[in-house]
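You will see chain A twice below: alongside chain B first, and alongside chain C after that.
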Partner chain A sequence: MPAVLEHPASLLDSAPETPAAFPAWFAERQCAAWQRFLDLPTPKRGHEMWRFSSFKQLDFSAFARSADVSQSTSLVQRSTALESPAAKFVFANDELLHSESKLPDGVLCLPLAEALVSHGDLVRSHFMKQDTRLGSAKWTALHEANLSNGLFVHVPANVEIDGTIEVFHWLSGENTAIFPHTLVITGANSKVRVVDYFQSANDRDPGLCIAVNDLIAGPGSKLDYLAIQAFNEKTKVIQVNETGVARDASATGFILNTGAAWARNESLSRLEGEGSRSDMLSVSVPAREQEYDQRTFQHHVSPGAYSDLLYKNSLYDTSRTIFSGLIFVDEGAHRTDAYQTCRNLFMSEDAEANSMPGLEINADDVKCSHGSTSAAISDEEIFYLRARGIDPVRARQLIARGFSVEVIERLGDEKVEEMVLRFLDDKFSHIASGGA
Partner chain B sequence: MSLVITDLHATLENGTEILKGVTLEIPAGEVHAIMGPNGSGKSTLSKVISGHEGYVVTGGSITMDGEDLLAMSIDERSRAGIFLAFQYPAEVPGVSNANFIRAALQARLPKGEELDAVAYYKNLYSKMDLLEMDRKFTARSVNEGFSGGEKKRNEILQMMMLEPKYSILDETDSGLDIDALKIVAKGVNAMRSPQRGMLLITHYQRLLDYIAPDHVHVMAAGRIVRSGGPELALELEKHGYDFLKEAELVPA
Partner chain C sequence: MSYDASSTLDAETREALDIDRTKGDFHFPERHKFDAGRGLTERTVDYISDVKGEPQWVREFRHKALKVFREKPMPTHWATKDLDNIDFDVIRYYLSDGEKPKRSWDEVPEEVLKTFERLGIPEQERAFLAGVEAQYDSEAAYSNMKEELTKLGVIFVNSNEGLKEYEAIFRPWFGKVIPTGDNKFSALNSAVFSGGSFIYIPKGVKLKQPLQAYFRINSENFGQFERTLIIADEGAEVMYMEGCTAPKFETATLHSAVVELVALKGAKIQYVTVQNWSSNVFNLVTKRGLAMEDAEVRWIDCNIGSRLTMKYPGVIMKGERARGEVISIALANSGQHQDTGAKMIHAANNTTSNVVSKSISVGEGRSTYRGQVHIPKHLKGCKNNTECDALLINTKSRTDTYPAITVKGNQHATQHEASVSQVSEEMLFYMQQRGLNEGQAMSLAVNGFINDLVREFPMEYSVELKRLIDLEMEGSVG
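Right, the complex of A and B next:
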């Protein structure tokens, strides 16, 4: 009797198949990744990288990959954020629905599934080269084993891309899992900005997204990366950012969290050359029972590099955040400048913020600071706004928005800042309307 | 048409009584000044009128053109026409001055109606020009990094934009050099109108050289102890508060 499955098999049950068109080395990596996924233990209590985490969130057995995308036309229409982007790619359930580009000649910007075939060696030399150090090795192995698409960007030396490359990742259908990957390589003295938008097709269906990005900033280049996480509140997310910054290069990584039931962000920046700079930024506005779990690592490998981390959370209702950050200065990485700040603004007495800032310095002559603050909105600020006629709900919202604006302003591009603020304002109106 | 305060008593949350029966009427069209030594309750009076939740009104009433102010929340009082220019305005990081004032004006419109942005900026710039404020203040966060004088000018700017029925200016002259004082006074004088009442709270005669009051009151130990014309302020300037009878300074 043939087996009739009412539901697709869980993604945890069997090894995913590598599409036949992909190169052999990639099939081998996927096979090895699956084995690694099976071998690695599920994080549990007592694991330092998962301190304060909600382990119940790590049950992914209900989810499966799905190639079925029902409303592809409307998803493409809904994929608008910036006016006239340099390029735009729309994926739903990791399938490409739409692409457009007005990028200069020589820039490679194409779906990863295509790049694996057409530029396999280039992908191979940069794809997931680093160990996942911040706790999610099992889940990045699952990502690697299931990976079927994403975006590949290679900007040749001395090419500056004006505008932004936008990538929309939609989750569609009940209990669907996606594994988007973004691989960006900038050649010497080049410039690019890439935004990943993570959204759900509807507010009802639970989903799972395990995303990884590799950002490789070549010497003297400028690489800006933004992740806008606005999934529905039934979805779980693990997002792992791997950034390497070469001599005199500058990389900015920004994460906005407004969506998902639970999101785990792991961001690692490696300062690999003199004069390199990494700005690690995040704004999160959790409400109701949302939980954001963020782990960061500022790794100063080279002397004379600069890193600056600023994470801000505005916590509503019974939401929770976890921040654990480490500045790690290697032996010999003298003249390091490294800063790390996590600030929590309590919009409710029932919210919970856990902060674990950390420093480990193995070099001399370094300037490092780390700190975390948590506070409720001051009564005097509220009184001031209300004394101008602004109602208390709006007054608190303005203050929380302002608190976040201090991070968003560091993006240094008015259009991009406005776009981020629109997602933020959507969240505030969602909160004000009771989150229906 | 008046702001009428009758036998107002107010305490701190811990029960300490600060206002011990203040009675005062500010008719529309008049400028009144309250002077008095430190700790006499002047600033408390301004906060209680605007609805600060750190004080408890234990007796008396405040009405504005017949409406019961004490029944209204802080923001309702503002929308109804009360304005307090703060002695120490709060800083609001990340909220631009222009967006802040815009939100205050938007709060006065019926639900669903949007403020006309072009007209708003035109109005804002004309008021800023009068107060000799640089345009950069529109984009800067509310009061953040402002000097004392810039903060006070910003308070007057908000008053001019919101066009209240009754304005209370709490120690608006403190922290102002003579040039800044003249500019602030110019803004306040431009707002004088038969439809608007003003209450200036000040320590010194200096402000009253530039904003001529119709009436002057002296407050001491939580009460108005003397009222008179502008000459009362000059008398205070000359003799200090010592000329007040000891009895007036001590609560009965």
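Right, the complex of A and C next:
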């Protein structure tokens, strides 16, 4: 026990220091990012990207970075999801605790802190190249300034990775902030799947996670990315995704939200080549006072591309969701095929869902549609299940589960689907028991 | 393509179309007794109030509104930057010849009469209207209603007369559905409003024929700010139609109306607009209805002309089982931006609302749908249906959709759907095989796209509408 109780300085008070081992260009970027963070205004009312948002959630002054990790062995033990993953990394408070890999030669898959030193130029040519368009520019600048680790994956052309690369991000300690970063690059005709798991060491400690993932799918490649957000209900999350899809490539982004007090997801897919495809999927099950704020952008730069978005929310108790999506078709992006659907299932009288499905079309030969629905389970459905001997509470849960399964089934891998369902069922059992 | 080239049209039709094309594009020399000059100051407001001989409360209302107008920023953080091109200092806020509206067309000054005759108003009045008000710049030139309606207690006058002669009915609702501070342009209207209708339909009176107002801008750089208030008492029914045109001036003209509808218990108001402003007009209009128990407010809206239209008719469903509906057709041609939509505010149980919007973008035209649906949590049994479909004709055409739907609680149902498409080559090919030229085929396809909505308009309007759309489509293919 220290003689004097030291209060950690807020992460907003001073510029973070770039570790000496990192290359100079990175130190410059971090320094510039900090300045940008200071210069950019805090989002406030009237800002379209933050319409319906809870601005009170944006006070991050209580949080600080921390290198202390208690119970690191138990965290490594708790880091299990899929049976025999292709590679596994465990981070706690952005420090690497454990790694294992059986990836084929030529595949680069290593902590970002290492990649910055060993493959600095490769990282540099892909690292956070795009502007943040969906409102969180200030917070991605804070992320960039504080970034110390994460995962870097580079799959060379024509290499297909069977199985899944798993990354566990643990938040440990009171008022800790983490800034995990995932950078995945696939070469031509390669294939990879990466899953990020976001979890808290315990149910008590508030935390902050500002995560960014950059996904760059090369021509003809297939890139699947999943984010399983299951933090404790004291934690705030901002997760920003940037996906670029080249000719004939296919990228799938999936987000499961079961945890956090407040989570903001910003997902942007840029269709950059003919025949490219982006699937944007999400399942959220907010309960109690949880609030999920999701903003999406389907950017059709190239003609002849396909994008399909399906977001589903099952809202319990006094939870709240915001969905704001935009399909944006550039001039000349003809033969665009774009879809966007957000569905809200109300499980409570006090929940609130806001939907803003949007389209901006600057080309004429397009097929675009969006839809949004909000409704509760009808009495007929409950009656049908009761008539088969299922009690109403269970019946409602079954319907909500089935509602979410429709999205999860699109992941196209049985083991991965099972894993996601386990996290989902965890949440349902939490809801059933009424506890946090 | 052009109609002249098409051999399938007979001479008579061609002639009809040719007249129609320039129907609104003419103006007479200005002859004003009262002119508030250019720009907007406290003195402008006082001038308008003095000319109109208004009671003190109206003058105060105007001054307060002017303050609000100055304080409010332009809504360019979500709306188009084109708004910044409005120069409030060159606009003329009040022009009139100082005459009272006439009850008979015979007394209307000749040039004004000619204007409205060319627009076909007196003819339509004889044919199918219950009453007409014709506004020329700031004031109504003509206002008349069938005699039997007066006996039933129906009031149909201009807003100026309404606030003076019928203060007891007018004042409690004036500015209540749309408060001055609702937006920058409702504040501007509140400061300088002139003209527009005040209508009161007594309990249980159901008008079989529509009332019509026609708004005409004759002077360059003029801003028209009419203010309409319609109150349908319990069980009453009324259909109100408005048409608008202006000649093509070189410079921008502003039209910024405020329309408030109040449908008391069981009443029904239908408000039909066919807007065909010339393409130099900024048309920034605030329209909202209040529907009490079992009442119904329907906005039927067609936007064809203007440089920029921003219009989101709304319904506040304040009583149980109230119903709100917006049916809208927008056609944006090159140099035009139709930014339209609907606002549905559910404020009582079992209220239902329906929004059907169809837009067509031609050439470099841009059409935007912006919608808001709000269902708060203490309510149950509310339903909303929103459909918006967009049709793109040319490669440079644009369309956007920005709905916002807030639902609280689980006893409601909302659905929103939107689609964007173009006229398929197969469809055109099929029609061309049957002897239509490409332009006719395109017109037919477009008319088919909006046909189910056109049927919602009164017959006389739907014919006119189809013709207007045919004209706008002219030359869009090939």
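The criterion applied here is as follows: the second predicted complex is superposed on the first by the 430 of 436 C-alpha atoms of A that agree within 3 Å, B and C clash if a C-alpha of one lies under 4 Å from a C-alpha of the other, contacts with A are read in each partner's own complex, and residues count from 1 in each chain.
We take it that a contact is a pair of C-beta atoms (placed from the backbone, for glycine too) under 8 Å apart; a residue touches a chain by one contact, two chains touch by 3 or more.
Everything numeric in this text was worked out from a predicted model, so none of it was measured.
Of the two partner chains placed by the overlay, neither chain B nor chain C lies in contact with A:R36.
When the shared chain is aligned, chain C comes close enough to touch A:L359, but chain B does not.
In the superposition on chain A, A:M347 makes contact with chain C only, not with chain B. Using the contact criterion defined above for the overlaid structures, shared-chain residue A:S372 touches chain C, although it does not reach chain B. Of the two partner chains, chain B is the only one touched by A:R386; chain C is not. One of chain B and chain C touches more residues of chain A, and that partner is C. Applying the stated contact rule after C-alpha superposition, one finds that A:V405 touches chain B and leaves chain C untouched. In the superposition on chain A, no residue of chain A contacts both chain B and chain C. In the complex of the two chains, the chain C residues touching chain A come out as 77-78, 377, 390, 392-422. Within the complex, the chain A residues that touch chain B are 378-381, 383-392, 394-395, 398-399, 401-406, 409.
On the side of chain B, the complex with chain A involves touching residues 50-54, 73-75, 78-79, 84, 86, 89-95, 99-101, 103-104, 107-108, 141, 158, 162.
Those residues of chain A that touch chain C in the complex are listed here as 46-48, 51-52, 331-332, 334, 344, 346-376.
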